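Chain lettering (A, B and C) follows the sequence in which the chains are written, and residue indices restart at 1 in each chain.
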Amino acid sequence: MTGKLCKVLICVCISLAFLTAAASPALAGKKDDTLYFSWKKELESLDRYFNTAREGMIVSRQICDDLLYRDPDTLQYKPLLAKSYKWLDTTTMEFELRQGITFHNGEKFDADDVVYTINFVSNPDNKVLVQRNVNWIDRAEKLGPYKVKLYLKEPFPSALEYLAGNIPIYPNEYYAKVGPKGFGIKPIGTGPYKVVEHEVGKKIVFEKNKNYFKDSPKGQPSIGRLVQRTIPEDTTMAAELMTGGLDWIYQVPKDQADSLANVPNVQVLKAETMRVGWLVMDAAGRSGENPFQKVAVRKAVSHAIDREGISRNLVGGQSRVIHSHCFPTQFGCTDAVVKYDYNPVKAKELLAEAGYPNGFEIDLHGYRNRPYAEAMIGNLQAVGIKANLKYLKYSALREKVYGSKVTFNFTTWGSYGVNDISNITGRFYNFTEVDYARDEQVRDWLKEGDSIIDRNKRKAVYNKALNRIADEAYVLPLFTWVANYAFSKELDFKPYPDAVPRFFLSKWK
Amino acid sequence: MNTEISVPFKDISFPTPRQMTLRQARRHKGFLLGSSVLLLIIIMALLAPLLAPHDPYDQNLSKRLTPPVWHAKGTWDHPLGTDNLGRDYLSRLMYGARISLIIGVAAMLISGVIGTTMGVLAGFFGGRVDMVVNAMITTRLALPIMLVALAVVALVGGSLQIVVLVLGLMIWNRFALVMRASTQQLRSMDYVSAAKAAGCSTPRIILTEVMPNIMNNLIVVATLEITRAILIEASLSFLGMGVQPPLPSWGLMVAEAKGFMLFSPWMIAIPGAAIFILVLSINLLGDGIRDITAPEGRS
Amino acid sequence: MLVYTGKRIVLALLVAVTVSFISFMILNLSGDPAIALAGADATPEEIKFVREKYGLDRPILVQYIEWAGRAIQGNFGESPYFNQPVKDIIGDRIGVTLILGLCAFLFAVCLAIPLGVIAAIRPNTWIDRTALTISVFGQAMPNFFFGLILIIVFGVILRWLPISGGESWRHFIMPAIALGYYGSPALMRLTRTGMMEVLASDYIRTARSKGLRPGPVLFKHALRNAIIPVVSLAFVLFGYMLGGAFVIEYVFAVNGVGFLAVRSIERADLPVVQAIILLLSFIYVTMTLLSDILNAYLDPRIRVK
């Protein structure tokens, strides 16, 4: 009796476990005209002005339009919500707007929306998170139902760049009613996709905007629905992609991308992005007396790190070593500076010369791309510098950086996809909390460059600053980052260097 | 029956308690297996500098992700292959045994001192002391330790010392509970009463009469807590908030290998299995000690 | 019984208050909440402004009392990250965690109790040894590692189950197994021990000698008595499962409270972390309370003590 009972019990347990598992998972993709994709970030708000994440930019570009559009292929600025634009002088611009465009909620687009949006975001009291995007604007003024004048605070050469992608235009009546909070949950734009479902931080569902204006330089959206889910683990994402649960993932680690390339239904693309990394050495001595106050030590570190090897083996793809503190295609960036080759012997000599024949011990802080940091620690160890990795979450690290507690820092910057040097170099040498060089000369040159309109003069002054940074080896610029995309072979997708996927340009094959 | 009778009285040797225990131990399969595997791991950890074929920190980016020797592309130069920075996996595993054991033992020692002190005091004195200790144990149990540990390590920054300290301050509850119960039992024993009557000071009674008699329980709890510390550290490292690289803790090795799980499964399988075997052997050892010292029945 | 229950409730409340105090201190002393609140790229002036605005420059004890006062009314403040009330954010996600916890709990019970019973009936047979092996494995296997193995085997190779998310009941199968397996050894051991003790007791031997059939003896008499301590352990275990779910939620991208906790820790979103710690300890305290009361109800000896 008990023997039978045992068997029955076991059978029940086993069959329960497996019966539930019999059916096969539903497949995503082309069949139901829905693109399933995922990222790691729990996006806190869909209001572009009140998030700082790349993911926020991705959402904004699908659902909203800016006054201008930078064609990602030709890099030319084209009018988007504007019909045309012109500079009246160095601090005023005039925009003629398109007519007949409606927002997703049916609200009509006109000059009021543009004036409201620009005046709202440029007002510091409204505390837009990325002030750099808007703090060059003085105000906007309505000249007619479809005519707007924009006043700048001072000459700002990269204004077009910001107007083409970082200043989406919102519907004034709706935004005034719901505010940033309501807009962050249910955003309304004029863009090629509209948000139809949103669980904050978990899921966003986009639907094709069938009324998207016909002659938009962004083109017409093709895929019916986009569904975003938050998944924190690379491995989980890759497994979902392989089994058809997802159609598109990005920021895939290099080795996983290499392996995914061999999976039959998956295609992998590796594209360089605007993100660059560098090592900050506390030359100003903000964190107390330290070896990096000697330029020979900073140069020794520069010679000790095998940037080429890390870039080739760990980053892979189109990643390249950089020698000045900016992304190579950014306006004002130059590679014509002192180059420190990988030379451990020389590094040791420099260390000895600086009074550290046996090296020294130091904490290296970092917040992302741990394997790169580990590889650099290996390089440093080889010349006698014993670096201990202190890996922190971004916010915790920022706290330490601001508090002058970080002597040696591995950090990165993506420039918000802005193809102009003003969004990178200037931010790190302006004597604020992130500036561990504190060089007045560099600060003044960069500030001057940010306000000159003449392109050649601008370049020349940036050139001087970048050269001084390199000569003094305040930081060691490392290499460019690569975004690895992996997606279903049924999908036609093209990546761009600003690493903002444009789903409105994608279609099923 | 006959033979027993014919044996002369003086030849019957009564085994001493120690001999009894040893005899028990020799027959207990779990104990034997557990202790011999653990011994191997400890030897490996102690002799890592002699045994390891390479420097565990020596990176070679051109040789990264070499598969282990049983794989078609493996070589004997790296019997267990290399990791994503081209460091020898076998050497890292050997040195990693040190880190994982240090974390387990150190956290156990800290929590053991805290928990045993609290438990013995509560059990010995009873009354108010007992109430306070009891409240502390309940509070500690109600605190979700993994979350608190995660938060502290994230906010303060991870390092071997921090992880050991946080774990040590968190996992003393079982020590306190078991020691309290054992001491309560002992308090009413004759020899304790006798010592009290003889005028021995309280600390002396606790140290010389109580402690030796709760040692067995103490050891069993200690083995449990070592494994708990090792497993929690592995989870912390998995979430990126444990000890910091390049220290080769096994938890960290699992964490670093998780990105390679789908396509180079051996990378995660090796340290994962190592943690599993270490924890298993310590658990078997602990179960064995319990069975041997309390031979009435396996429970 | 009423007095006993009352005493236990007071004790439980005291514990909850102490836990909230300790966790508040730990979190606020480990990092600077003002910097987290001020958000990305905040200048020192802005951080100072935030510190004053939220009263973070006052003594920590005052801050705690204020926080606790609001928490009692169900107001846990606002998450600086989501800009939403903490209550809403957690409310959004607690359902998923409860479902996962419940599924895992059921799995643990379905696995542990039958095996424990069988192992007790047939000690030292292959079934007993299998049960023992399962429990020993469960104790030694890191649960995230087990979860990853499940993903590879059932998600990628066999493709039986969806890998991540929480959209349908099928999404919960793997995480529930991974989480439940971890909790089953303790239940199984307790069932086995309890069952063995009861089976060896006089009344069962009497029942058997009277010629009662083994089935009824087993279920009507033995299991009923052996199950009492198991039930009270099960309550506590359920609380543990909710608290220990976050690694599993993270691996399977189940968007519950545990997942939220890990991500909130990563971005130093202290109000959320604080509320989750309190919530989990509250659940644990409640579960312990229920188990104590149930125990007292089932076993009169405890009440009297």
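The rule is simple: a contact is a pair of C-beta atoms (placed from the backbone, for glycine too) under 8 Å apart; a residue touches a chain by one contact, two chains touch by 3 or more.
Fair warning: this is a prediction, and the values are worked out from it, not measured in the lab.
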Quiz item: Whose Cα centre is nearest the centre of all Cα atoms in view?
Solution: C
Self-check item: Comparison of A-C and A-B (more C-beta pairs in contact)
Solution: A-C
Practice problem: Please work out the Cα centroid separation of chain B and chain C, and write it as a whole number of Å. | Solution: 24
Self-check item: Distance between chain centroids, defined by C-alpha means - chain A, chain B (Å)
Solution: 45
Quiz item: Centre to centre, by mean C-alpha position, how many angstrom separate chain A and chain C?
Solution: 38
Quiz item: Residues of chain B that touch two or more other chains: which are they?
Solution: 154-155, 258, 261-262
Quiz prompt | Overlap residues in chain C, where contacts from two or more other chains coincide | solution = 31, 148, 152, 156, 250, 262, 265-266, 268
Exercise. Mind pulling the residue numbers of chain A that touch at least two other chains?
Key: 233, 235, 239, 242, 393, 396
Self-check item: chain A - residues contacting chain C, complex
Solution: 1-2, 5-6, 9-10, 13, 16-17, 20-25, 42, 44-45, 50, 52, 129-131, 180-181, 184, 199-202, 229-233, 235-237, 239-240, 242-243, 245, 393-396, 398-399, 402, 432-433
Quiz item: Inside the complex, what are the residues of chain B that reach chain C?
Solution: 135, 138-139, 141-144, 146-148, 150-152, 154-156, 227, 231, 234-235, 238-239, 241, 251, 254, 258, 261-262, 265, 268, 272, 275-277, 279-280, 283-284, 299
Quiz item: Tell me, which parts of chain C touch chain B in their complex?
Solution: 11, 14-16, 18-19, 22-23, 26-27, 30-31, 136-137, 139-145, 148, 152, 156, 189, 193, 243-244, 246-247, 250, 261-262, 265-266, 268, 273, 276-277, 280-281, 284-285, 288
Practice problem: Over in the complex, which chain C residues touch chain A? Could you list them? | Solution: 31-32, 35-36, 39-41, 43-44, 47, 81-84, 89, 92, 110-111, 114, 117-118, 121-122, 127, 148, 151-152, 154-156, 159-165, 170, 173, 177, 213-215, 218, 250-253, 255, 259-260, 262-263, 265-268
Practice problem: In the complex, go through chain A and note every residue touching chain B. | Solution: 233-235, 238-239, 242, 253, 255-256, 259, 306, 309-310, 313-314, 370-371, 373-375, 377-378, 381, 388-393, 396
